[in-house]
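Common to both upcoming complexes is subunit A, partnered first by subunit B, then by subunit C.
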Partner chain A sequence: MNRPATSSPAESPTLADAKPDLGAVRQKSTWSNLKYFARRDLISTSAAILVALLVLVAIFGKWIAPYSAGAQDAMRLLSPERAYPFGTDNYGRDVYSRVILGTRVSLVVGLICVPIGLFVGGGLGLLAGFIGGKFDMVVMRLMDILFGFPSLILAILIAAVLGASLTNAMIAIGIVIIPIFARTARGPVLSVMQREYIESARVVGASRPSLLFRHILPNVATPLIIQATLSFSAAMLDEAALSFLGLGAQPPTPSWGAMLGDARAYFEIAPWMAIFPGVAIALAVLSLNLLGDGLRDYFDPRTRSRL
Partner chain B sequence: MSNPVISRRTLLGGSAAAGAGLLSSLSYTPYWAAAQDRSSAVFSYHADPASLDPTTCSGTNCAYILNHIYEGLTRLDSDANVEPGLAESWENPDPLTWTFHLRPGVLFQNGAELTADDVKYSLDRVLDPATAGSNLAFFQAIESVEVVDPLTVTLHLSTPNVSILASMAVTGGSILNKAWAEEQLAGGAIDFTSVANGTGPYGLVEFVSGDRIDLVRHESYWDTGTPKIDDVTWKIMQEMETRVAALRARTASFATIDATAGLQVGSDNGITIHSGPGFSMPVSIHNVRKAPYDNPLVRQAIAVGVDRQAVIDKVLNGEGSLTGPLPTGFGNWYIPTDELPYTVDKDRAKELLAEAGYPDGFDTVILGLDTPPYDQVGVVYQAELQSIGINAKLEQTEFGAWLEKIHAFDYDTHVNGYGSVVDPEHVLGRSFRCGSDGNFPGFCNEEYDELLLQMQAESDLAAREQLTRQMQDILLEDAPFIWWCTAFDYYATTDQITGFERAIHPYPREVFKQVSVVEES
Partner chain C sequence: MSQFLARRLLAIVFMLFGMSVLVFGAMRLLPGDIVNLMVGMQSSASAEQREAIEGQYGLDRPLVFQYTDWMGGVIRGDLGKSMRSQEPISHEIRRKLPVTLELTFLSLIFAVVVAVPLGIISAIRRNSPVDLFARILGVLGLAIPNFWLAIMLLLIASRYFHWLPSPVFTPFFDDPIENLQQMWMPAIALGMVMMANLMRMTRSIMLDVMGQDYIRVARAKGLSEWGVVVKHAIKNAGIPVITLIGMNAGYLLGGTVIIEQIFGLPGIGWMITNAIFQRDYTTVQSAVLITGLLFALVNLCVDVAYALLDPRIRFA
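== the complex of A and B ==
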């Protein structure tokens, strides 16, 4: 991952404090950098490996899964056995194949929702902090309103209005995560705007776009990237919740949340229908969160020194 | 309510807790059930009735509750034969005249006595186009209603129609009190969400939409000895899991459940599952106005290509039977399962599709419902279409949006269900007659309509059965529907109540009439 923030000539005081250390790390090769990271933070590293595995499964799932997601060929409600390691569901579909194929659905949700939040929310926050005044107030009050709703309730509302489909669920989740990005972007912008180097840039006649994109954006990119990792797992979890409620992926799309929803009625007679997608959701969300935490610790100079 | 009281007593036991139990039970007791010796029960039902207007009530959700409050001139016995209801007897001097003699001394829940004026008022209300009565098709043969004397009413028909007798038993033909209705109308429209006044075994206390309906025993009900429980709370619990949990916690003593829940609670202590062949049928309906479903070859390809047994096995846990257009087990009207032309032949289906000009299949959207069992039927249907090369996408929506699309004919093929049938004509006429309001597929066949007219007028049972069979054969051949199967129906009762008997019955019944509460020892 790039760390353009550290290449800036001037830093906020906290970043400046840690500068010598950051510089030292940067001089090493990427590989030794990684090794350093791995040694110092085992948990984040295992999380990163798990995330990499998830990505691989998502990409190659079609070839890994023994059956297609919709194939209803097996006996129904079979408990886990050699041919069906995770058992079969009420239609006689292989739960193992569906969990594997569901990985892609979950990751795609993250890959689509997070950019919506990042670009719309991050952009609004950036502009709000940069322009200030009435624009800032209007935008941030709007964000406060969005923030005021519990995110899942808001997502349910939007998905219900748009109609139940995976696309609409993704739009809903994208909208729901906008305010967090706006806030994450605006704070650092306000603090960076006070720095001398911005003032100097102004004095030498830097245009407003150049000020924004060349001098300010690089300094707020790191928190946004970390927020993106954390929102990625939140988006996956929200999708699972919406699909569980029937507002997300439509059958027979193998969404983990929808699989959990279907399993409810069979929980007592076929618990495997719920356990495996449940474990998949937990693992994916946990590993993304841990990775996000690790990245934050790595990039944040205050905790960096402890690594 | 006594149910929380029962569980609390069991829980606390001992006289020391009795004081506290009494106090808290008082705070939970509605004003109308203040007396402690009243019996009560909670019926957990899966859906809210859209309204409590019997005339416009559509579907089983309101029929179930309204059949406890309102009654019609006739009703159905447990073998689905017409028996006297509010009319004690009737005559049919000629094919166009039906004279009903009302039961004397029948009182409405507000104390008014039933007269022929009430019958005329109610049937006129059904026939008034402004009412938009949901079962209008069943009554359309009525030309006029004549009050002969306070206890005699004569129906004059425009065309002979022997099913009129059975029509009087459906919820749409319920008798309202004329004076009461006119009084209510003085305030504008009748607000059927808050008032009800019928002759049935229970009166309405309160309807809280989405939550519950409180019913109280009609003390001067004409059928003496019934009902047996004083207070019934009709508790709406949409989720199956909630209803099962309520049964187990004994906060509900009666619930509608499904095949899967039946498997889960089957072995539980003190809960009895009442199940058996019912009359509800999951179906798929093609839009025959629209390509490619306007092509009979396509419909026939689907009919021969889908495996109906898959729905029985995968959705109903094997508890259902193959069926023709009329539910299997319905009188002598249905086609016996061994005579149904259902040999699954995927290759033949593909051949027919190729012949129709779709050698590579086609893309289509299934309009599905998100409530069980129709959500699961949709999933199986989708896989079955895929198996003959039709690339089907499933779109499941909630009931309101689904209904809107169906009424606008905005679908390719959709998942639906029927089963509330008291006379074969109600299904065969309403759903398939050219231009009928309930004709969702847009089916139109002259020969069929000709047979329908004969069948409506035919009073000889054997000849009527013969005509019914001919009509069903046309439908099977033309295949505007996939009739998946006739499902079992399921009720669960706890050991708190006794006397419930699941009748093999094609229409929702006043299930609580014979049920009583088990006395605590």
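== the complex of A and C ==
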């Protein structure tokens, strides 16, 4: 990589010479790290490639799909053939196009729900562990209450209160995963707070924000990132379930779950309507899960799942 | 022990109180209220009719009183009456809870019966075809949505075996065979995720155990390979089963919502979703509360079982 030529004339020549070397070394080691990782962990690498493909399909789906999501110009319930590789549904829409366009819906669900859980839940857990005392108790008791509901029932309840739509389903799922992140964040904070280096940072006079963000947050980041990848696929599954029940994406939005919901009435005469969206969900969740497992092994070899 | 139990029970009571407030509030916030649904969309429904219905259910009273009325009843063991069928909710729950419990229980059985042996064999015969199959099954089981699996099972049964379970539910004690014919598919669909989880856990624990010193000692003293597995290693498979029940109780109870609907099983999960759509306030409130209680009790039992099984874990 080219180093931007911004070194000020005031800098000593030796320092200026040393810098690009450092950069080069780091670049090289990252690259070889990656290569090492890829060779050692074939499964995670293939999963990463699959996820990348999913992202591409989600972005460029409009150009890949032969028809639009709502186009009803074919015969109804056509079995798979050359023009309609996955057949057509009960409105004469191309299932293949809708599966492709559904990729974006599913990924967007993850991209919106997970940050809600991560920032609200993670933030609450972080603060609860850091501040402690009454605040900790109140927050964690609230989380217990949310945890007391079977998650899908809570999601259904919230989605019903907000009204059936994809946005509201995403908010509901985001709320449901908040307590998981709160617990994930709080545990490590509590253990880190006992460490000596926190004590020494405090003695040296570190302010509370700097203590929190500089010394504690980095220790909590890894479990939170791992939880985020796992919650991503869980959120996709939850959205599929809500849409399946009619509480999520509304027609004609091509959500995989909603497509399965439509397929229910026709599964005996038009099984393709049910098969392909389900395969899409399974493939997406599978690759995200494997990537999450790989990340966990990479960051925290102690919990290696030995898949 | 008793102190631990007391503390946990107190926490459960507190949690259920929180849940009750949340559900109660959520039901009042639902767009479209029960009165509208009951008088229908007819514009002829006069203000008097509306008031009559509101008065009948106490919906004209302040929310605090509505809540305390309901909660007071629940504490005395009276869950209230369904706003739809006028039937006492406790009767409905007594009828429907066994269906849900049977479904979750059968899922659990399916998961344990398949996952534990498969996990053990796959750990002992590492990198064998069985191991490969088990690992693929473990990964796939976690990725497949249960409602899709349910539809696929129905599809395979109807396409290739020209058979579909009867749409009318038969309770187990009326006709066990008919009942199990209806239950096996939903149990597999619901239990698949748990099976995959349990299989992975069993496998990884067995791999750990088989490398321990005491296994080497057992081998050294001349115990056969199967003797080693049966006598020393399998005991350790008990912990993941317990862990898993705790981890998945919520998943199972939530999963029943969809699975019961697909297979037409009249359980609690279906009852809750129906009641939400029908704005049947009291039914949702009481049924969700019962589900929460069930969930909490399962987790309590799991914690107790842990401590009993593993002396290293103390009641903290």
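The criterion applied here is as follows: the second predicted complex is superposed on the first by the 273 of 307 C-alpha atoms of A that agree within 3 Å, B and C clash if a C-alpha of one lies under 4 Å from a C-alpha of the other, contacts with A are read in each partner's own complex, and residues count from 1 in each chain.
Just so it is clear, a residue touches a chain if its C-beta (ideal position, glycine included) is under 8 Å from a C-beta of that chain, and two chains touch if they have at least 3 such contacts.
Keep in mind that what you see is a predicted model, and the values were worked out from it rather than measured.
Contacts of A:163 after superposition: both subunit B and subunit C are touched.
In the superposition on chain A, no contact is made by A:197 with either subunit B or subunit C. Legend: residue contacts after superposition of the two complexes on their common chain; A:263 is shown touching subunit C, with no touch to subunit B.
Of the two partner chains, subunit B is the only one that A:250 touches; subunit C does not reach it. Residue contacts after overlaying the shared chain place A:70 against subunit B, while subunit C stays out of touching range.
The partner that reaches more residues of subunit A, of the two candidates subunit B and subunit C, is C. Touched by subunit B in one complex and by subunit C in the other are residues 163, 264, 268 of subunit A.
Contact residues on subunit C toward subunit A in their complex (touch as defined above): 11, 14-16, 18-19, 22-23, 26, 29-31, 135, 138-140, 142-145, 147-148, 151-152, 154-155, 158-159, 200, 203-204, 207, 249-255, 257-258, 261-262, 269, 272-273, 276-277, 284, 288, 291-292, 295-296.
Taken in their complex, subunit A has these residues touching subunit C: 141-142, 144-145, 147-153, 156-158, 160-161, 163, 233, 237, 240-241, 244-245, 257, 260, 263-264, 267-268, 271, 274-275, 277-278, 281-283, 285-286, 289-290, 305-307. Listing the residues of subunit A that touch subunit B in their complex gives 70-72, 76, 90-92, 163-165, 246, 250-252, 264-266, 268-269. Taken in their complex, subunit B has these residues touching subunit A: 240-241, 260-261, 263-264, 310, 313-314, 370, 372, 375-376, 378-380, 382-383, 386, 393-397, 401.
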